[in-house]
Amino acid sequence: MKVIVQEQAFDPYKETSAYEREHVPVGKHGAVVTFVGTMRDFNDGHDVTTMYLEHYPNMTERHIEQVCQEALDKWDVDDALVLHRYGEMTIGDPIVLVAVWSAHRAHAFDACRYIINYLKERAPFWKRESTQAGEQRWVEHNTEDPGVNSQGAKQRSA
Amino acid sequence: MKVIVQEQAFDPYKETSAYEREHVPVGKHGAVVTFVGTMRDFNDGHDVTTMYLEHYPNMTERHIEQVCQEALDKWDVDDALVLHRYGEMTIGDPIVLVAVWSAHRAHAFDACRYIINYLKERAPFWKRESTQAGEQRWVEHNTEDPGVNSQGAKQRSA
Amino acid sequence: MKITVRYFANMRDRMGRAEESVALTDGGVTVEELWAKVSPNAPLPTNVLIAVNMEYTDAAHPLKDGDEVAFFPPVTGG
Amino acid sequence: MKITVRYFANMRDRMGRAEESVALTDGGVTVEELWAKVSPNAPLPTNVLIAVNMEYTDAAHPLKDGDEVAFFPPVTGG
């Protein structure tokens, strides 16, 4: 299990490949689920151009590690990788990667979803957006309920 | 939406990156979920060395496309990519990739899971394994219930 | 009418052939009746899957000229 | 005893500082009492989150020498 919080941009798919090649035994897992969160150009109806992501150093790593450990305790997971950026970012940039390796598809999905949901709920990060109008504002809440696990049909969980 | 059934090996993360770069607008989706199924070295207690995956050409593509279309109808999905191999493969090889782009994390997870579950139920592929003892056998059923969507704790859904 | 019949995986092993063309004189023949013709000595296995023109169906499905019928075991892809 | 106090995001904007060191004479002081000292004119905002030594807690948490207390708004990462 590895948790990295870093300022520099990353390619989530290269990172997943590299981690798997270096750390995950071949032929054991059978199922890999990844979640990548990227920066959108809109939020709550505003046109966003750039974003600054503040964090609480060390507390972020500690709480992401706790969430990963909970997922490893709850499900049959072989390994997990989490990368999360902070600092300045621009539209389309990957913000977070969660990758989970398991022998069981259902466990890989459940664990990956658990990690991103509770990371969003507990890891101390704060988004400050800059809009096209030059305005800066702290994002007050994430647009999706962090605990959401619905199998719901087309309904925006705004 | 793109569905490819091919004999040659593929790198699921390079394919996801390339598809996103070429087909998915920057800054619109916010959430990407991928599922990668790889060949395990064991199945039902047998030590497996190689596998041959037979398919029904054209029927496979048609049914994977149907499943993807159902997911696109059910959830807010921007785009989806499915790659599935057939033919000879060895341990660790990726067999299937399902990638889903959405503005909403919950929708990306639900749609990706729906596609892989129903692909496994309906796409006409058949696995024939070769064990270390030199024995060949058709796999009678996938080890996981294709419809499984449980949030269950540590329980092998064998 | 002429029907193309295809067998996959263990159904091909069992039948000893991958594909055949079957001529049927009368219309309205079902998949089950076709099976009795291609396999006179063994009933249709209970867990076999049937596709007509690449869509899943059941043994009561009536056939028409040019149909492609496939018999195969439960699928194990993904 | 000495407490390090940290403010993040809009709480830092509001306080006009990111961090300060506060000396408290008596033991058993709670986070709420610390807040009254660092912000005598405004009550603790209702939606503020509190961490002591990087673990979430509430305003009734008693402090000890060397603790690091942080005040911040609901998190918006991921």
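Letters A, B, C and D name the chains as they come in the text, with residue numbers starting at 1 for each one.
The rule we apply is simple: contacts are C-beta pairs under 8 Å (C-beta built on N, C-alpha and C of every residue); 3 or more make two chains touch, one makes a residue touch a chain.
The shown structure was predicted, so the numbers you read here are calculated from the model rather than taken from an experiment.
Chains making contact with subunit A as well as with subunit C: B.
Averaged C-alpha coordinates give centres for subunit C and subunit D that are 74 Å from one another.
Rounded to whole angstrom units, the spacing between the C-alpha centres of subunit A and subunit D is 27. Subunit B and subunit D have centres, each the mean of its CA atoms, that are 48 Å apart. With touch defined as above, residues shared between interfaces to two or more other chains in subunit B number as follows: 37, 116. Residues of subunit D in contact with at least two other chains: none. The set of touching chain pairs reads A-B, A-D, B-C, using the touch definition from the header. The touching residues of subunit B, when paired with subunit A in their complex, are 11, 13-14, 16-17, 26-42, 74-76, 91-92, 103-106, 108-110, 112-113, 116, 144, 148-154, 156-157. Those residues of subunit C whose C-beta lies close enough to touch subunit B in the complex are 6, 8-10, 13, 49, 51, 54, 56, 70, 72-78. Taken together, the subunit A residues at the contact with subunit D in this complex read 37, 53-56, 58-60, 62-63, 84, 95-96, 116, 119-128, 138-142, 146.
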